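This is the structure, below, for whatever I ask next.
Order of writing sets the labels: A, B, C and D. Residues in every chain begin at 1.
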Amino acid sequence: MDLRYTPEYEDFRKEVQQFLAEHWTDEDIAAAPPPEDERAALMGASVRTDERATAFRLKAIERGYLYRHVPRAYGGGEQPPDPLKAAIIAEEFRKRKAPHEVIGQGPSMLVPTLLEHGTEAQKQRFIRDTILGKIVWCQGYSEPNAGSDLASLRTRGEVDGDFWVINGHKIWTSDAQRADWMFCLVRTERDAPKHEGISYILIDMKSPGITVRPLRQMTGTADFNEVFFDNVRVPVENTVGKRGQGWIVSRSTLKHERALIGASFMNRRMLDGVILLAQGVMLRGKPAIQDPVVRDRLAALEARLRAAECHELRLLTMSARREEPGVASMVTKLYSTQLGYQIAKLAMDILADRGLMAPGEPQAPAMGMFATAYMWSLGILIAGGTANIQRNIIAERGLELPRDPATQRR
Amino acid sequence: MDFGLSAEQVLFKKTLRRFFETECPTSRVRAIMESDSGHDPELWAKLVDLGVTGLIVPPEQGGSGLELLDLALAAEELGYAAAPGPFLGNALGTVALKEAGASGAPWLPRIASGEVLATVAIGEDESEWEPQRLKARVDSGRLRARKPFVPYAAQADLILVAAHDQEGPGLFAVERGARGVTIEPVSGVDMTRRVHRVAFEDTPAHRIAGPEALSRTIDAGLILVAADAYGGMRRCFEMALNYAKQREQFGQVIGAFQAVKHQLADLITEIEPALSLWWYAAHAFDHIADQCARHAALAKAHLTDLFDRVARDATELHGGIGFTWEYDLHLWFRRAMFDRSFLGDASYHRARAADLAGW
Amino acid sequence: MDLRYTPEYEDFRKEVQQFLAEHWTDEDIAAAPPPEDERAALMGASVRTDERATAFRLKAIERGYLYRHVPRAYGGGEQPPDPLKAAIIAEEFRKRKAPHEVIGQGPSMLVPTLLEHGTEAQKQRFIRDTILGKIVWCQGYSEPNAGSDLASLRTRGEVDGDFWVINGHKIWTSDAQRADWMFCLVRTERDAPKHEGISYILIDMKSPGITVRPLRQMTGTADFNEVFFDNVRVPVENTVGKRGQGWIVSRSTLKHERALIGASFMNRRMLDGVILLAQGVMLRGKPAIQDPVVRDRLAALEARLRAAECHELRLLTMSARREEPGVASMVTKLYSTQLGYQIAKLAMDILADRGLMAPGEPQAPAMGMFATAYMWSLGILIAGGTANIQRNIIAERGLELPRDPATQRR
Amino acid sequence: MDFGLSAEQVLFKKTLRRFFETECPTSRVRAIMESDSGHDPELWAKLVDLGVTGLIVPPEQGGSGLELLDLALAAEELGYAAAPGPFLGNALGTVALKEAGASGAPWLPRIASGEVLATVAIGEDESEWEPQRLKARVDSGRLRARKPFVPYAAQADLILVAAHDQEGPGLFAVERGARGVTIEPVSGVDMTRRVHRVAFEDTPAHRIAGPEALSRTIDAGLILVAADAYGGMRRCFEMALNYAKQREQFGQVIGAFQAVKHQLADLITEIEPALSLWWYAAHAFDHIADQCARHAALAKAHLTDLFDRVARDATELHGGIGFTWEYDLHLWFRRAMFDRSFLGDASYHRARAADLAGW
């Protein structure tokens, strides 16, 4: 066990720092367009897709710092997997507020899928522009009556010559307004058994017959959409993988080094924010941070968060050693979403009656962002498939307990 | 020995339940919630006609002369309906005036008739609800105070302000239009129950009651909030239960999954006994005075914590739909955020309960 | 709502007090034999079955104070059900340390069963002596491989002339050493479907072929037993109800007024004990009771317990009003067992390192009884059928959610 | 950057695992547990041969010169096996002597060789573990102290006592047979790790180290207890998981019931990250000194709370059988009760962690 990086890696770090110093100037940083919303603000420079950011990314890819899993032929950095280098790159880019890989479902979900199942033409056409953020993607999986249960998808496509004619209704699609394309699961084989009737189709969002309706959440803002398809015509060559194989195609998961790290990053930000809050506000007649009940709860959460952070180091090490993490990696999502909620709840308890104030209220501590965080912590929990789905996965895949007869039936 | 509701009380609850179903479905709730004032005089007038404002006002002052329990049952029904408006502040104003005795009596008929809308200004900045620690001061009939969370102050004809004068803490009456009063709206998480930030600069105010009435008013507030929380959690639980019985996934209703069944079982196991706790506190307010303060504190802490949990679990159990603005659940999720905060947080009241128990 | 009793009931209370003053003297109280164990001590005078206690019970039954649900013909007090009177009797008897109804599975489970399904001869023979504690009963339901799932019972009985010949193995039978008789579930119909093959049989514990072996729990003491049957011959007339109907017979539940009240009594004793403990010991340099974290947790538990106590008043009222309590009465067991555990856990936290000392250690606060209570709180949870069984009952019977396909199959 | 065990460490763990499987199955654990001393010199001698007593002793003093992490891995394996005996006290004695530098060094070879068995006497009555608040006093080489929980004091050749002299708090060495020492057995909940109540009346004792070494020794103790808790909870979890896969009810293994699956999933979700926390604390002890105290406190509080929960849930999941004496689960249930208590309770260490974080 040694938390220091070996000289080789420290040299690599210097190299990265040097690269950043040269190619990502204070001027570039200053030129950041204002973030669209709180979440974008939290994610930092990675959301940038402006000229400067793109120019920089191209250089970084050239050097093999970004999209290391994507072949050069498709505009990637093409490097042998090295989680430690990936971690160093992520750290240094974050420190320097430099644009890391574009955040979005295109780079994180579509690209790995195309790499595994796409035709040469599809790869050539989409990957390069996607990883540079020039093509923005949205995901068309969820439907009003098919949440975690994709087998019951109803959006259907019929063949008409060289086209799919698609009708139906998708929900919970983020970025749908700004998205250029959607990767979508469509029921194409009417008579096939539930799971086999689905195809994975790429749909141009400018196609006639598509209506996007913003979906407002309980927080009051609209970060998701509903998308309606009315006889939308899509060339059959936009099918990824074989007809009816969409279920398997959609499962090509992110083989990405970065998948392993950073899950605790948001929770760390939150908890540090809560500590600042507790130091800043009064409670029951004295500074909240001096309240023994608050201190006890803060320390309990700090222990849970430190455990998660150290756990990420452990997972990173496993992957660097090419060891199978197994259940150790399956638990992180459930753990971190629950921890996020516990942190937000403590924030609300420290706010006490200041929690009456809505986000944006000028008089509220931190402009009431904790109230949003509190509601979001719930949304994130749900978005990640409800906790029960997570528990099923952990129990069945991680602990090899019998599968649920109901879910098995499908 | 009878620890249950009377036939009249059951009927009264039914009446209110039906009233809100017809007069204030969630579509109406949303309309009022999204209005500037968050107050619908028409709806309020109908509540007045139903006698809600006169429940605890003595008959000789034009009320029904009932008890805090009856007022709390109304609070429960408003909570169940997520009914918007000035009920809570006005109810606490009524308690304060009643506790004030002679100096409060003249107001009561006008409260009962709905002619006067009252509210209370108790809590101060830095989450301070402890009467002894309040900074509001009255000198020779002039009030100086900053009160950040006053329910419907902008609509109120009469604000009863918790403050200190040479006699110590008490309640002071400030009438609409009095000099030196500035009222700013606060954008709140719960838009069905508005609060305003009110500043008093040398405002004419006269003492109507002492510390005893003030703490009785706070106790009543804790009980009414607990009752509201109960009504709200009941509604969330029913929504979750019905959803679990209808929504299908993997070819069966989700209520057939043991995980969901057990989550619902765990919730009802907490909800049922919680009802009895606030019933007891409300009953104690009028009949077991020495038990009231402690039970009011316990009930507020326990019920608002629980409301929070039920609203959250109900939302999670709904999955995505429960997180949408169109779906009604968040109305109660937000009311839960109000109930946990208003009049002081759960830990504060648990600490008070420990002191009151003499531990 | 009025927590006072009406004059009629107050008169009844006086009458009971008078009766106790006359018939249960200080001398009677003083003559109490030493309790066998901690639990017996907690239960107080009701465990007494000595001469004085029996003589007194006979008078109390004569007056209709005890066994109000049992007809006079079988030695009961035979009174119209009146939960308020029952509550007053229980209160006053407890205050006076007078022997209430005998505690044990005979009076609480066998008697109601015989009243509903027994033959006249069985009623005459057993009820009177059982409710006076002259016949002690044990229950023969659980088996090593059939915990909450009675359908898989293996202990079997074959007919041989006028006798059952019984072979098998029962577990978790309390009082088996001192028991005179056992009411037992035995598989008698080999080919019948799982639930229908069972008969409810009364077995004389002195019969040859019965071996009782004490079963030691994790607490170190042995409050339960295993019972082995090796060709035990039992007259067929000892069958209660029809052959193969044992499943239904065993379900005749306690129709007893007392079932409704007192569930919180033990938790109240525990919590008051914990408060005394917190007032008596130091923690982190000051009296534990002054520790804000301890106060916060104590108050949270006090709220939960007061809710349970008030809830019992509500249930009592419902039953006095002949209202169906429904789910309200189903939750009390799960609620109180969990509360009991939470109270015991707080006790352990207040004990801090004093919790290192075992029950009986003279230096330990309260002789270390909290450590036992802590382990027992777990045992009680399990004994009451695991919490999951309770949740199934609440969800299926109380909330009318679908029955579990697996449990349904039986 | 490598946050994992070395090949040697993995092998060492395997060796210990196999050793306890053959030399100390639970049948043996029970035999030792039920003996008077709770100590089996034979088993101990074998552990000495395996080098367990010399792990952190420098090579020049006859040890392996390894780190606290290696010692903690041994503690984990003892916890997994519920191995009875004086390991913990002796390990803390070794840390103390090592931290003491020159004045401790002479002892280390004899510790490594197993010739000397050491233990530590730190905590005092009224659950006091805070060095500054200890009452034990040394005047001109004479110790007066009452220490209620000293591991295997009766078997120890050397007791390292936390006490104050004119230089302030420190560690003082008392050798076997020293004057004025009275040792009484304490009947403990965990009979696999005995503690004795020790009184010192004008006992000859010489200062071997100061406050720094004392708090380092305590930190090490917190980490070793956390590691023991992890080993124990792992064992409980495995027993529950295997039971859930074998035990049938209602015609299927209970592990097929969603409620059971989710309970097990919730447990492993807590257990996996907890491992990394005590790993980090143990690593910090030797490599990141300024992070050690805080992480040791966090790890002790978090891991012992969790052990408690896992032992309890595992027992509940087993149903009746898990509550029997014959079934082994309670061995760990009792060790959980030891771990949560020894060296101070979780809230105390959370409060310390908050102070150490500078909040």
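Everything below uses one rule, namely that contacts are C-beta pairs under 8 Å (C-beta built on N, C-alpha and C of every residue); 3 or more make two chains touch, one makes a residue touch a chain.
In this text the structure is predicted, and so the values were computed from the model without any measurement.
Colleague: Please state whether C-D or A-C has more C-beta contact pairs across its interface.
Modeller: Taking the two pairs in turn, the one with more contacts turns out to be C-D.
Colleague: Pick from C-D, A-D or A-B: which interface has over half of its contact pairs in common with B-C?
Modeller: Repeat of the B-C interface: A-D.
Colleague: In angstrom, rounded to a whole number, how far apart do the mean CA points of chain A and chain B lie?
Modeller: Taking the mean C-alpha position of each chain, the two centres sit 40 Å apart.
Colleague: Between chain B and chain D, tell me the centre distance in angstrom, where each centre is the average of that chain's C-alpha atoms.
Modeller: 52
Colleague: Let me have the rounded angstrom distance from the C-alpha centre of chain A over to the C-alpha centre of chain C, please.
Modeller: Distance between chain centres, rounded to whole Å: 54 Å.
Colleague: For chain A, what residues touch not just one other chain but two or more?
Modeller: 291-293, 296, 388, 391, 404-405
Colleague: Name the residues of chain B that each touch 2 or more other chains.
Modeller: 252, 256-260, 262, 347, 351
Colleague: Which stretch or stretches of chain B touch chain D in the complex?
Modeller: Of all residues in chain B, those touching chain D are 257-259, 262.
Colleague: For the complex, give me every residue of chain D touching chain A.
Modeller: 1-6, 69, 241, 244-245, 252-253, 255-256, 258, 260-262, 264-266, 268-270, 272-277, 279-280, 283, 287-288, 295, 298-299, 301-302, 347, 350-351, 353-354, 357, 359
Colleague: If you look only at chain A, which of its residues touch chain D in the complex?
Modeller: For chain A paired with chain D, touching residues are 1-6, 9, 84, 87, 275, 278-279, 289, 292, 295-296, 298-300, 302-304, 306-308, 310-311, 313-314, 316-318, 320-321, 327-328, 331-332, 334-335, 388, 390-392, 394-396, 398-402, 404-405.
Colleague: Can you tell me which positions in chain D touch chain C when the two form their complex?
Modeller: 123, 126-130, 133, 148-149, 186-191, 195, 197, 248-252, 256-257, 259-260, 312, 315-317, 319-327, 329-330, 333-334, 337-338, 340-348, 351
Colleague: So in the complex, which bits of chain A are touching chain C?
Modeller: Residues in contact with chain C: 291-293, 296, 405.
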